[in-house]
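Each chain carries a letter (A, B and C) given by its place in the written order, and its residues are counted from 1.
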Amino acid sequence: MIDARRSLLLHGGIVACLALLAATLPAYHAGNLTRILVLAVYAMGYNLLFGYTGLLSLGHALFFAAGMYGFGLSAALGGLSAGAALLAGVAAAALVAGLTGALALRTRDVAFMIVTLMFAQAGYLTILYLGTWTRGDEGFVLPAAARRLAGFDLRGDGARLVAALTLFSACFLATAALTGSRLGRTLIAIRENEERARMLGYDTARLKLVAVVLSGTLSGLAGAAYAMLFGYVGASFATVQYSILPLLWVLLGGAGTTVGPLVGVALMFYLIDWSSRVTDAYMLVAGAALIGLTLFAPQGVAGLIRRKAAPWLP
Amino acid sequence: MEFGPHLMLALLEGAVTSAVLALTAMGLSLVFGVMRVVNVAHGAFFMLGAVAAWWIAQLVGAHPALGFAAALLAAPLLVGAGAMLADRLILARVGYDPERTIVATIGLMYVIEQTVLMGFGPDARPVAPPFDARIALPWVERTAEGLALYWPWGLSITAYKLFVIAAAAAILAGLWALMTRTGAGLVMRATQQDRDMARAFGVPVSRVFARVFGLGAALAAMGAVLVVPIQQAHYLMGGDPLLLSFIVVIIGGLGSLPGTVVAALLIGMTDGIVSVFLSPTLAKIVATLAVALVLVFRPQGLMGRARA
Amino acid sequence: MAAVTLLETRGLSKSFGGVTACDGIDLALPAGETLALIGPNGSGKSTFTAMIAGRIRPDRGRVLLRGRDVTALPAHARIAMGMAYTFQITSVFADLPVRENVALALRRTVRGEGRVQLRTEQTLGRVGLLARADQPAGDLSYGHQRVLEIAMGLAQNPALFILDEPTQGLSEPEVAEFVALMDDLPAATAVLLVEHNMDVVMRLAGRIAVLDAGGLIAVGPPDRIRADPAVQAAYLGTADA
């Protein structure tokens, strides 16, 4: 049980370090940190399915967008308060994940990747088709009321960063607890050898659906939070690119590790930030990173650390 | 225009779409059939073909027909060579693992698109068609003396579009002959059937893979060269062909050449016809969902014939 | 021990693309008995056990577990009713520690991680793998992986233990260890053993069922099976040659 204490120390330590960073970083980097933390929640959602359950989805933008539009539309058109809209966004993502998951999980491997890609593409096109309400590619800006949660005005940089840090820490500690739990260990067993897990009496079909719904819900929470914190909802967040990005982050940081998503988002964020100052073709970095990772470091940064130095890393 | 002539025009436009789609999808299908990997960079190879066509036509500079002919020959060769290089440098090194190949070819897609963006710029650029003639099309009408031909106003098609249909048909016929009548085709089919058995019989499987990957990309590039006088070259133009090729290949059953052609005709025609009568976005939503559901409820559609 | 029928199959049939793998097999297995299933390669043994475990759906016929029709139940639900299954081709969680392999077998029914770990160590101790508990299962030798798989079955404390060719590829001493493990099973455990090694069969089986070309040609105690002319013609004759 020493591993459990180490894990608590590690995750608590990371949250404390982030809080320290948040308090000391200059404005520009504090703004970046806000975005990184919210996107890391998305990456953690993706990691739950890809890293821990071993299911490679190419359609997670659907869940991110379901959360974002569930939040944005219910706040902007339905007039819900931010808190209620947040719940609506999360519920929308959970629902979409349940429906598409139940269908997509009838397939496996490459077919699963393509089906999830197709569902996400259909979702993106639906957002464009319903342009009357969604404003299509152009998107819409959220009213001030949708950005006020529990008395805090999230349009201010400070409040925004605190909100992002709170959200991230809660999700980070929750996924850490999940991966050590019975459910988490069973999901890992499914990733390692699904047929063996099934023949140990685990209902793998149901557990995989649970994983899709958890993963989709967390991704949707990130989408809703992104809309709430940055005040904008747009179809670009539903494109294929937003399905590829979490895969890239998780691969870079280390799939199947709790710290991997944060590491991957932070590295990629600053890599793209730096390269977009040099060239318009900043996605070149993302492409090269994907190829390089597949070829040379399929385990990612945290995966390498786990293998070389800290085998207990959760 | 009346309904009849309108429909005929839609059918002809559909045939042009089908012809280009058949070439592009055939490349994807061939690669999946023989190598059992999904090449997400296929649309990028398509785009590369179009951009190469523009570049070659610029270089040649003479009469548009000359530039176009040079492009039709050289662009697929260039793209095919590039794809073979990618096969050696990337796909072979991940051992053609299906999932890692998808991730790597997603990366390759970004690298190609962004490199073209840097070199070619974000603008769409036209390539002049090799000939400019427009052909008026006849329709029948009932007159006092019985049925007679007439030429309704607006019912016409460019000669170039008819050429696209003919050229695609000729290339597909050539591919068919290559696959069924030559040693190279036999080797490819043997590898498709059972790669371990083929290897045991001395087929150089890795060389076959490189060539198939090159040929697949070259087919996409040919489709692109044919389409670029109609639809300008642009660094993001590969998205739609990729999606449509996926759809065709899944409906047609992977690795089946006749199935791919039939599905390309089906999709190309319905795309042409449906988008005349229906919002194109709605048509795409329906098509995308239909493909997803085909995969969910008829997974053998993706895998073609069951593996032994 | 009263002969409570634990497992029963009625007319269980399956064919693959016109080839009959199993043809109307009726078999009953009381609690506590070890039944060996023998027959030439391709006689349908693995298909039969896979249909019992729920890995393959039968074309016709029924499977009853404790008198309840489980034909429509998925595999995991049958396992949850007290079956354990070991694969013909060794199937462990190769990248997970040996300890976690056994813990996964326990965790479905045992509550509390402390108790899971305790029972894991007991089980590993019983099969002699405790010293290797923290190695990845994939690093074990082939023989040890087979033992681990049996340990995963033992850990589930099954009412019915299905073993598909457990001694295949094991050395003589390893086979002896396997036999000793089977001897140690609780008396109430029924065992369905698919096995080629006739020494193991004669040593462990209370009854033997012989399959040939998908059909059941004889069931009975070892002595009678050994003397059965039909069995000798179909199987023993060729095996002894």
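Please note the rule applied: a contact is a pair of C-beta atoms (placed from the backbone, for glycine too) under 8 Å apart; a residue touches a chain by one contact, two chains touch by 3 or more.
Not measured: the values here are computed from a predicted model.
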From chain B, count the fewest steps through touching chains until chain C is reached. 2
Pair of chains whose C-beta contact count is the highest in the structure: A-B
Which chain, with its centre taken as the mean C-alpha position, is closest to the global C-alpha centre? A
The chain whose C-alpha centroid lies farthest from that of chain C is chain B
With chain centres taken as the means of their Cα atoms, state the distance from chain B to chain C in Å. 52
Averaging over Cα atoms per chain, report the distance between chain A and chain C in Å. 43
So, in whole Å, the Cα centroid of chain A is separated from that of chain B by 35
Contacts from chain A onto chain B in the complex sit at residues 56, 58, 103-104, 106-107, 109-111, 113-115, 118-119, 121-122, 125-126, 128-129, 244, 247, 251, 279-284, 286-295, 298
Quick one: in the complex, what on chain C touches chain A? 53, 55, 74-77, 79-80, 85, 87, 91-96, 100, 103-105, 107-108, 113, 152, 156
Residue set of chain B touching chain A in the complex reads 38, 90, 93-94, 98-100, 102-104, 106-115, 117-118, 122, 243, 246, 250, 279, 281-282, 284-285, 288-289, 291-293, 295-297, 299, 302-303
List of chain A residues in touch with chain C within their complex: 182, 185-186, 188-189, 192-193, 195-205
